[in-house]
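Reading through the structure tokens given below for one structure.
All chains are identified by letter, namely A, B, C and D, in their written order; residue positions are counted from 1 within each chain.
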Amino acid sequence: MKYFLNRTAQVIPVLLIVSFILFFLVHISGDPVDIMLSENATEEDRETLRQSLGLDKPFIIQYFIFLTNMITGDFGKSIIYGQAALPIVLERIPATFELMLASIILSTAIAIPLGVLSAVKRNSPIDLLISGISILGKAMPNFWVGLMLILLFSVNLKIFPVSGTGSVFHLVLPAITIGSAMAAQMTRLLRSNMLDVLSQDYIRTAKSKGVKRLSIVYIHALRNSLLPVITVIALQISTLVGGALITETIFSWPGLGQLTIEAINARDMAVVQACVITIAVFVIIVNLIADLIYRFVDPRIRY
Amino acid sequence: MEIQKETSTAPLTEPSKKNTTKYSIIKWIIPLLKSKTGMLGISIVAIVCFTAVFAPLLAPYKPEKVDFSAISTPPFWMDGGSFNHILGTDNLGRDLLSRIIYGAQISLLVGISSVGVAGVIGVIIGLTSGYYGGLVDTLLMRFVDANIAIPSILFALVVLGFMSPTIITLIIVIGVSSWIGYARVVRSEVLSLKEREYVKAAKSIGVRNGTIMRRHLLPNVSSSVIVIATTSVATTIITEASLSFLGLGPQAVTWGKVLSDGRDYLSTSWWIATFPGIAITITVLGIIFLGDYLRDMLDPRIQE
Amino acid sequence: MVDNNEYVLEIKGLKKYYKVPNSTTKAYLKAVDGIDLKVRTGETLGIVGESGCGKSTLGNLIVKLIEPTQGEIISSGINLNELKPKQLRNKRREMQIIFQDPYSSLNPRMRIFDIIAEPLVTHKLARGSALKERVLQLMEVVGLDADYLTRYPHEFSGGQRQRIGIARALALNPKVIVCDEPVSALDVSIQAQILNLLIKLQKKFDLTLIFIAHGIQAVNYISDRIAVMYLGKIVEIAGKEQIMNHTKHPYTELLLSSVPISHPKYRNEKVKTVINRESPSPVNLPSGCRFHTRCPYANEKCKKEDPDLVEMKDGHFVACHYPIIKENR
Amino acid sequence: MDKMENLLQVKELKTHFMTMNGVVPSVNGVTFNIKKGEKVALVGESGSGKSVTSLSIMGLIEEPGKIVNGSIIFDERNLVDLREKEMEKIRGNDIAMIFQEPLTSLNPLFPVGKQIRESLLLHQKITRKEAKQRAIELLKKVGIPMPEQVYSSYPHSLSGGMRQRVMIAIALSCEPKLIIADEPTTALDVTIQAQILGILNELSELENTALLIITHDLGVVAEIADRVMVMYCGQIVEEADVFSIFDSPLHPYTEALLKSTPRLNGQEKLASIEGRVPNPLHMPKGCTFHTRCPYAIEKCSSNVPAIQEFRPNHHVRCWLADEEEGGIKIG
């Protein structure tokens, strides 16, 4: 519990850095007044708006204003939607969360058996095949996989819908798109961990006790080789969210990613800021959870 | 008592009388010839580099050349296809093969340069933070956490969304968003290397810190840096393609751009989106194979 | 009383505490916990103790690889704590260290020549052909073939690597060499080679050796005086003969009786002082005498008062309330 | 001694490793017997093949290693020919093993109790509850205080000595006929080493278990062994009872080993063996030790000596022992 509080406290400086970077980016990216006002606005109009936005104040003061606003959840008004930005963003979370969960479950379900099989049958044709597929999975760009899946399953075979949401069928293609790269990475990682664990002394001990081969793999080795995978999944969440940005756009999935891209294209500052912070918080929370799971599973860290 | 591990400390060969440098070149080439994936990787990378450099000579058309008489021509093996446009044309009748050949230029340029930017920043910061610790180190670690919290593609999107996306900004943005990876790895290697006894020995001799970093640490982290750099060229190519695909890439012919052109014609002209993707996949595959091979070769555990 | 010529090194109240990572309370690992020691010029001082007793930390403190938490090291009348970085760099020439692991003690990317020449180059003592000559001379002294000059470390065996490490340490003509477990990673037959080499070099160059090891047999073979360490402190220090034949501290006695016998004929003669307790952690030191948890003679006083290291007989110091008084074991 | 008493007979065992650079003959023709309840030490330096010998007996040789020749007769069965399934029944049940590094040899994610119970449940028809009871008894037997508590602790929370006791408890669990201990005390402190050796000695005598102890430390040999085999470069070069080995070694290598080990009771200069163990890929012709042997004669560099009984129950592999009367004069 003490650890949990400690760990949560560490999140604060991270969020500070994130918010600072974000603020800095917005600050150097140009005068927001130019975007908000039409081209034929007078200099006077601009000045009034600038003052009302606090843009005439020094940089660091502006940052603190930004920060206090952010903490209270006030990111300003969205240009596209004409209402407060944060609720718009929060509304999109469930869809993205659903997609992420589906792809994590999918990739884990693929990666664990394949990774184990690959390691146990090391250097066999099966191993080569699995390794080949997983390298391919890593090499294909996410968005292209998405397009090819649409081409194959929606355009040609007409099994799954091209885009949108509503049913499990809508979920399949985007989940595969995001999950494939992760499954590939996990398979590779699990294979190498497993090989490493299988050469450990305690596996030799288990063998010298007369434990059967299958039990060695599933009882002694699997748990130990999954441990580092947890950390990697946590680190990969960030990449996964990155993948969701594009995938959601391709499949018109009404999640955070689609909103972010939309907002960036429309230069809707308030929404962009809210999106970035929300994503950051989301990733941090997932990492925190992974960290706790890790501590729970590994007795060496648990005191 | 001595700690013995019989298998690992098998007696070493008597030092051979051969010239060491000559010996090490052979030591590099023979496993390369033996490693099939290594050979494949090097060949693919070599071909892509060659294509990029000699694009004007290799491409049958200029990439921007619009030909309204040949709009959406399919590849040559399909009905209506011809050898004039081997891989077909896009919705404006531009030759797909030529566009892919020219696309290799930007992809490689962006990939290699941004890796260079990231590598230099990352290695310098990683070295100092790992070696000295203290404030730099604490700051770096917080930056690492922040970096994990913001997906690098999101970072790039936000920056490019508010700036005019040119090739230079693209290189800088990707470089800046990925230096932390190098810094993190170099830092953790330095943390363990500086406890090595040869670094302690250098300290006890009175070697200056700067020299220790240059002479004892840098050469020993170089192999990991080379390996990460290789694989990040692959990631960068994908990132660049993603950005171009989302319309935030530079105004130039890139693989991502060509691919996104085909997105709206998926149901009618599938080849426009398919071939650039294959080009990216093959290039990235080649780089991954090369990276794996380099990792195996440079792994100090294998070398020792 | 202190004669500068007699003692090459004086250590006063030396402490090194490490903060225990991840602990919410402020726990410290007391690696070295108050050591006073005088090292005589030209002697070989053995320091013996089990893992975690702080003997290696002490070695690293002596050559200033780490900063002490408290205490002073005075080398030839100069307090190392008061030196400026530049002066310290010069002072380092007088004190060198040889490490345990011959595999990690040589930079894998440097040739043997560059490794042995590094100290000379750093202090600008030689260059060009003079440098090469000096390196070759050092290699000859430690018994390495001149052919090996341009080889890389991975081409050598453990014993040869240890010789390279010794050559590097000798390059600056140091007064003191700290040998931190120099033979524990080597095979028995190679251990003897290195021990004999160290003895030869000590005589040839009038070196002062501080020989740190966990094996009391090797320490006994090479040392003139022996200091026994237990959980960060010296519990007994005396001449070799005194330690071996007139053991005063119960821990030394335990250590000696634990050494495997040298011939099966001693099987029944051996006095077994097997104590089924293990050494406490240096984070949670016991109160009073730190050995009382394992001491067969401990009583209430031992649990409360920490004994000082006092001189019992000329040059025989013991930290024990009830030292063993037994002539001729 | 009656031949029927033999528990283990290893004959002409050859275990080779097919590496990228060539074949490494780690064990190259090893023959020995172990009788019931006997304590035998296998001594050698790193690379001598002593650990590979023990792993061969256990059937734990992994790729790229392979037993290429010889037989291992245990209880009238040739272990080399047994299938993996049958071998699994012997491992831990009839032959148990203790390793050098107790920390890495225990699974970090399981409580030690579970690891002791595992082999009991595998080889004996008992319930989980009985197995737990038995495991706690075993922990008590190897001298662990508060066995109930230790039963549910994880390996990392125990000290090195305690972990090795747990390893011994695992080995003893099914009352094996033979325990192979591979450098069981090397990773431990001296004071703990004495405790562990004491327990090992006491318990093997109590249960009348044969013990094959693999070590580089002649001190351990002196403490515990009845009979000693000295290994060099994959072959046994000398074999005799422990007193003969220490009093009148016949092989120059054994002699040199004894002389190069520092002892407590004052000793003149340590003799060191010059040179180093030859590269297993390029073994010298003739006797493998001739490159380092101070007594080597011409014949040693060309012809391989056979192992032969020089005195009753004292075998040696050396040309000098063969040619000169009384073997080599030991100083």
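Note that a contact is a pair of C-beta atoms (placed from the backbone, for glycine too) under 8 Å apart; a residue touches a chain by one contact, two chains touch by 3 or more.
Source: prediction; values computed, not measured.
Between B-C and A-D, more contacting C-beta pairs join the chains of B-C. Seen from the Cα centre of chain C, the chain whose own Cα centre is farthest off is A. Mean C-alpha position of chain B lies 48 Å from that of chain C.
Mean C-alpha positions place chain A and chain D at a centre distance of 53 Å.
In chain B, 1-4, 9, 11-13 are the positions where the chain touches two or more neighbouring chains simultaneously.
Multi-chain contact residues of chain D, defined as those touching 2 or more other chains: 46, 193, 216-217, 276-277. By the touch criterion given at the top, residues 60, 63-65, 88-90, 92-93, 95-97, 99-101, 103-111, 118-119, 122-123, 147-148, 150-152, 154-158, 165, 168-169, 172, 183-188, 191, 214-215 of chain C touch chain B in their complex. Within the complex, the chain C residues that touch chain D are 50-51, 157, 159-160, 187-193, 195-196, 214-218, 220-221, 244, 254-267, 272, 274-276, 278-279. Touching chain D in their complex are the following residues of chain A: 200-202, 204-213, 220, 223-224, 227, 297-300. On the chain B side of its complex with chain A, the touching residues are 142-143, 145-146, 148-155, 157-159, 161-163, 234, 238, 241-242, 245-248, 259, 262-263, 266-267, 270, 273-274, 277, 280-282, 284-285, 288-289. Residue ranges of chain D in contact with chain C, taken from their complex: 45-46, 143, 145, 159, 161-162, 189-195, 197-198, 216-223, 225, 242-243, 246, 256-257, 260-267, 269-274, 276-277.
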